[in-house]
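Here the structure is laid out as structure tokens; the discussion comes afterwards.
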Amino acid sequence: MEKYLSVIELEEAATSILPKTARDYYRSGATDEHTLKENKRAFQRLRIRPKCLVGLTDCNLRTTILGDEVSMPVGISPTAMQKMAHPDGEIANAKAAEKEGVIFTLSTIATSSIEEVAKAAPQAVKWFQLYIYKDREVTKNLVLRAERAGFKAIALTVDTPFFGLRRADVRNKFTLPQHLRLANFEGHLATKIHSSGDGSGLSTYVNNLFDKTLTWDEIKWLKSITKLPIVAKGILRGDEAVKAVEAGCAGILVSNHGARQLDGVPATIEALPEIVEAVKNYNVEVYLDGGVTTGTDVYKALTLGAKAVFVGRPALWGLALGGQAGVQRMLNIFRTELESTFQLAGTSSIADITRDMVVHESVYSKL
Amino acid sequence: MEKYLSVIELEEAATSILPKTARDYYRSGATDEHTLKENKRAFQRLRIRPKCLVGLTDCNLRTTILGDEVSMPVGISPTAMQKMAHPDGEIANAKAAEKEGVIFTLSTIATSSIEEVAKAAPQAVKWFQLYIYKDREVTKNLVLRAERAGFKAIALTVDTPFFGLRRADVRNKFTLPQHLRLANFEGHLATKIHSSGDGSGLSTYVNNLFDKTLTWDEIKWLKSITKLPIVAKGILRGDEAVKAVEAGCAGILVSNHGARQLDGVPATIEALPEIVEAVKNYNVEVYLDGGVTTGTDVYKALTLGAKAVFVGRPALWGLALGGQAGVQRMLNIFRTELESTFQLAGTSSIADITRDMVVHESVYSKL
Amino acid sequence: MEKYLSVIELEEAATSILPKTARDYYRSGATDEHTLKENKRAFQRLRIRPKCLVGLTDCNLRTTILGDEVSMPVGISPTAMQKMAHPDGEIANAKAAEKEGVIFTLSTIATSSIEEVAKAAPQAVKWFQLYIYKDREVTKNLVLRAERAGFKAIALTVDTPFFGLRRADVRNKFTLPQHLRLANFEGHLATKIHSSGDGSGLSTYVNNLFDKTLTWDEIKWLKSITKLPIVAKGILRGDEAVKAVEAGCAGILVSNHGARQLDGVPATIEALPEIVEAVKNYNVEVYLDGGVTTGTDVYKALTLGAKAVFVGRPALWGLALGGQAGVQRMLNIFRTELESTFQLAGTSSIADITRDMVVHESVYSKL
Amino acid sequence: MEKYLSVIELEEAATSILPKTARDYYRSGATDEHTLKENKRAFQRLRIRPKCLVGLTDCNLRTTILGDEVSMPVGISPTAMQKMAHPDGEIANAKAAEKEGVIFTLSTIATSSIEEVAKAAPQAVKWFQLYIYKDREVTKNLVLRAERAGFKAIALTVDTPFFGLRRADVRNKFTLPQHLRLANFEGHLATKIHSSGDGSGLSTYVNNLFDKTLTWDEIKWLKSITKLPIVAKGILRGDEAVKAVEAGCAGILVSNHGARQLDGVPATIEALPEIVEAVKNYNVEVYLDGGVTTGTDVYKALTLGAKAVFVGRPALWGLALGGQAGVQRMLNIFRTELESTFQLAGTSSIADITRDMVVHESVYSKL
């Protein structure tokens, strides 16, 4: 894996070996994919303003997230059905996270079950990503199993009343390959996804089973059934973040679902500052995912107020190329780049970062 | 038709099968076609700011336009001479609109007559697009026939004292093919278009017959001969919109004629907010056409104050590919994308949309 | 010539037939040619805001420039050595201008003499472009001959203490072909240009003979020897325009010498508004050249305060393709496009144009 | 060498003949190389506002830097290991600088020693670029030798606690070729660089030996061991510049190390104005390097307040193509372009330049 020196290279290599259906599913964004591009480009419009001769100590990337210590502020976002990328799927991914000391988030619609993942990576800080099913017993069951299995938080995805329009998936009549199943479920909930109608089978599954009528009151219900902290995943506005916190969420994951839901929404790094500002007087942690590709991206997000960032596709590319080793390679690329950024920016640890370390490029147009 | 998943694909497929003369006529914009590109690009500079967990109900796209109920706020703009795209021409287009419950607008210089269209699509909400001929009897006759045939509004095109410079049409010496005629007319008004001099035959026809000396007083005259509401089609400035309303128009169609008249004018979505602001204290509806290609485009226009949008070329592409079925496919693509946008933005109906749902991308440069 | 429908097409056709040395000389801008591109692009960043139903009359493009009536506000800028483009050179160009009723400006370093041009195009409104030679007798002689020959103004080029760095000319060791001469001169002043050292022969000629020590006092001297009005050609700043006027100039030609002198200066249409503003309380006319390619460009310049625009290269392209007929074709393209722009913008004559007809595109980013 | 007319051409020619390892090492920037591109592009976003008829005298580019007279305000930045470009390496480079009357800066990790360079180019104004080794005796020794050898300043590089991530170097396992040595050192300090582990050998060397714990107090120590003025090389913020000056530096070299350290930092010409402003009340000179490619770039930097600019890679390209003659050619290209810029901008000498000669392009969007 050492020959890969950047996440971009992992992406290029992985997309060249994955079968078309899986590649398209992993890579695509919603409709015209403008936001997919902007998620990356928006990082490039920010400038880091480095300091010198600050008396650097060894670089310390450690931080805590919802009280759990992690080796660096980069975690793994939930992505569905990882066994299409590699036979070891979520297991390999979780083990990589465990080994590297970062958070792993398991998707509701994973191809490995809560219990399998818990058993394979007992020391990992694991979060469970929740989709709320119309059938609340099904939903409750998932939450209780995650709590029982030692998961540390529920990442409630709030941007998915149903699935975005991803043209390649419709064209491919995308479904989970027959030999795989949605491992957190039994019976038709696990396999219904196989039967595709005239479009994306996944989409049909989601639209039939997920509850799109949810309101922020749902958080209350969730808190009534679990002690785990709730992270609202998919927030892009300050006022929505406030609603999430006031409803009882302990964390806000600024996300546009990897630009897979609604095209034309802001890049996540664009949305971050407004959200950090909106909740600054609350006791809540803010995270970000979407388009994070290099160590400087991570640094920029931290400077703008994120407690950590998460990556979705980068883990899939690593997984596809080398299973657990591939995901570890991906994490190590981030670690190396992030250490380099910290030190060259003149900050030895997260505590050293101040808001003035990053500005928008437009600041330099006002000569 | 189901293989086409986006309007862009319809456009690509249609332009590859249309004969050059028709394709050029349909596709072209004025001179250097900067505005043609900007009509689309300007939409991409807007960002949708979605809300979550709003308690979605089933998506309801219904609305009323000048009192008539339609199934969604997307109508069909008038485009001339549709039988070049498909033998069924305007008939197929109108029937598609009828089936899909949207407005169909018939061009003055159509290849199907007012009466033919009325008969073929009696239930459709039909508008008649009017060019004012120097010969006012000819003009009056058109209006009275449209009213008699059950059309619901007169869309008076105000941006066409004569035709814009479209180089491809000049080069092709564009005229209506010999087997077709301008069906709303008899005699030389119907066929004079066939004789092309040394440039576009259409242009010569228009320049000879249309009255370019019009003023806003014309609205008064129009209102004296018909009870139908008048929509001013082709407004790009707030002060002009006020003039239109004060002259008696019931609707403003913000339009640059598909960028076919004057290159270098604003994209329509750029012009929209100023116009909505200018007429906000008047009892008038504002619509937009020009470059609308996806459901998110429609949503953006609605958020900025349009009561509905119209599409010109997309209907031609659908028509060319599949007649009525092709136009219906086009409308269904918009419907699917618009429903997806509504729901993923957290708005179940048009009434839910508030002005804060969309901002210009430059908002995100002010970190 | 009728097959050419735009200046861009003239340019493409002409550059494909001209010999490399001439083509490079005509086409090039200084060093990296950023300003060469910006001269054109800057026009595209402006938007025309058209009015409708204004009661158009026939389009009237006539105007007066320094008291002389012209058929439209588009004149021909001085460009050196036109016989390289066509055997008839400046004669053909001047005759085209005469025929079309526009201003023709003869370069000091032309391949046809003042007297030859005067004789060939007696009715043309002719200006003489002046370079001031170290030898003031030479200079005075030129001015007196121009006045005597019926030229109507002296366009004093103020941006050329010596020639800009044009790499292609250096590489080509550009000189005037042996069979041609600088027709306004006798002896070595006419032929010295033939001997090229190790770079551009033209450049060597200019650097040796032109007087770079000039100050604004020179205008006084000029006015002491001629009654002709002086136009300062090559102004890019408001404060410089004021200096020119206060020194006695009757006109300001906002120009960057076709981006051939100093790369990195503003596009001329960028510089125009500041200059118009600076001299608004003076009795002076402001013109512009540089990158004018379409009728909408002309219209934008007029709206921002130019009394007329001039074109340099477009005349060379016309000349190369068809001699006098080619230049006339070029002028007719501008006339057609300008008429179209006037009428579609809702302005029948120059007097109808108001400053609100054009805005910068950035206005539309402030939603 | 005369066939090369621009630095861009030197770059193209040199990169086509250099062996891959050297070419990659010289050319690369850190990680994604955004800043590498921006270093050049940012210059293009500035506009020069030329004056006319100012009464030019012969162009005088002479200036003094830290009291030493130079023939123009363009010096040579330190770049490591120049014998990979040409057998004469730093010697040729220094002799070119001597011949052309500009500053030459020798890198700590050069392939020619302090004494060799001093002997070869005794008349050159030479600076010594210092990296501070953990072993302070080693460091002190370098400084004392430079002072003794007649170097005029110490350029202390403050942006390199360790080396940036340059992917090509890692991939190439970049080390100094076996036949070369770091000529300022004896024993392992000179040769350890040869042994590459699993990545860039240079990087390993640097990370092992350089002291990254430095603070601004180091300046005091440096001043206690040498009388030479200290220039802080690698400043990108106003507040950091103030720290440098208050710590005792006589000069600030605004630099991002040729975009080789941290990607995503500002282009140097973007950072310059803030730094000039911050130290305007101190007795300190400000310089800039990074992306300087043409004479207009130099002029822009001077206008924004730089006393001089330096170039790194351009000297390497010249060196690779022609040894001393190649570097002289590079300097002469700058001289020619700079003279042209000075005169065409209407400034005969550095004293003539005023701050209003340059503005950001965005000024021209506020019509």
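So that you can tell them apart, the chains are marked A, B, C and D in the order they are listed, and the count of residues begins at 1 in each.
Please note the rule applied: a contact is a pair of C-beta atoms (placed from the backbone, for glycine too) under 8 Å apart; a residue touches a chain by one contact, two chains touch by 3 or more.
Chains and their UniProt names: A, B, C, D = (S)-2-hydroxy-acid oxidase.
Treat the numbers as computed from the prediction; the structure is a model and nothing was measured.
*Asks:* Taking all residue numbers at the chain B/chain C interface, are over half used by both copies (same) or under half (different)?
*Replies:* different
*Asks:* If you average the CA atoms of chain A and of chain C, how many Å lie between those two points?
*Replies:* Chain centroid spacing, chain A to chain C, equals 59 Å.
*Asks:* Could you grab the centroid distance between chain C and chain D? Build each centroid from C-alpha atoms only and quote it in angstrom.
*Replies:* Comparing mean C-alpha positions, chain D is 42 Å from chain C.
*Asks:* Which positions in chain A are in touch with at least two other chains?
*Replies:* 46
*Asks:* Indicate which of the five shapes (line, ring, star, complete, other) describes how the chains touch one another.
*Replies:* ring
*Asks:* Any two chains that touch count here, so list every such pair.
*Replies:* A-B, A-D, B-C, C-D
*Asks:* Which bits of chain B are touching chain C when the two form their complex?
*Replies:* 31-32, 34, 42, 45-46, 158-159, 161-162, 164-165, 167, 170-171, 198, 212-216, 218, 232, 234-237, 240, 243, 261-267, 270-271, 273, 304, 359-360, 362
*Asks:* List the residues on chain A that touch chain D in their complex, please.
*Replies:* 2-3, 5-6, 8, 44, 46-57, 294-296, 300, 336-337, 340-341, 343-345, 364-367
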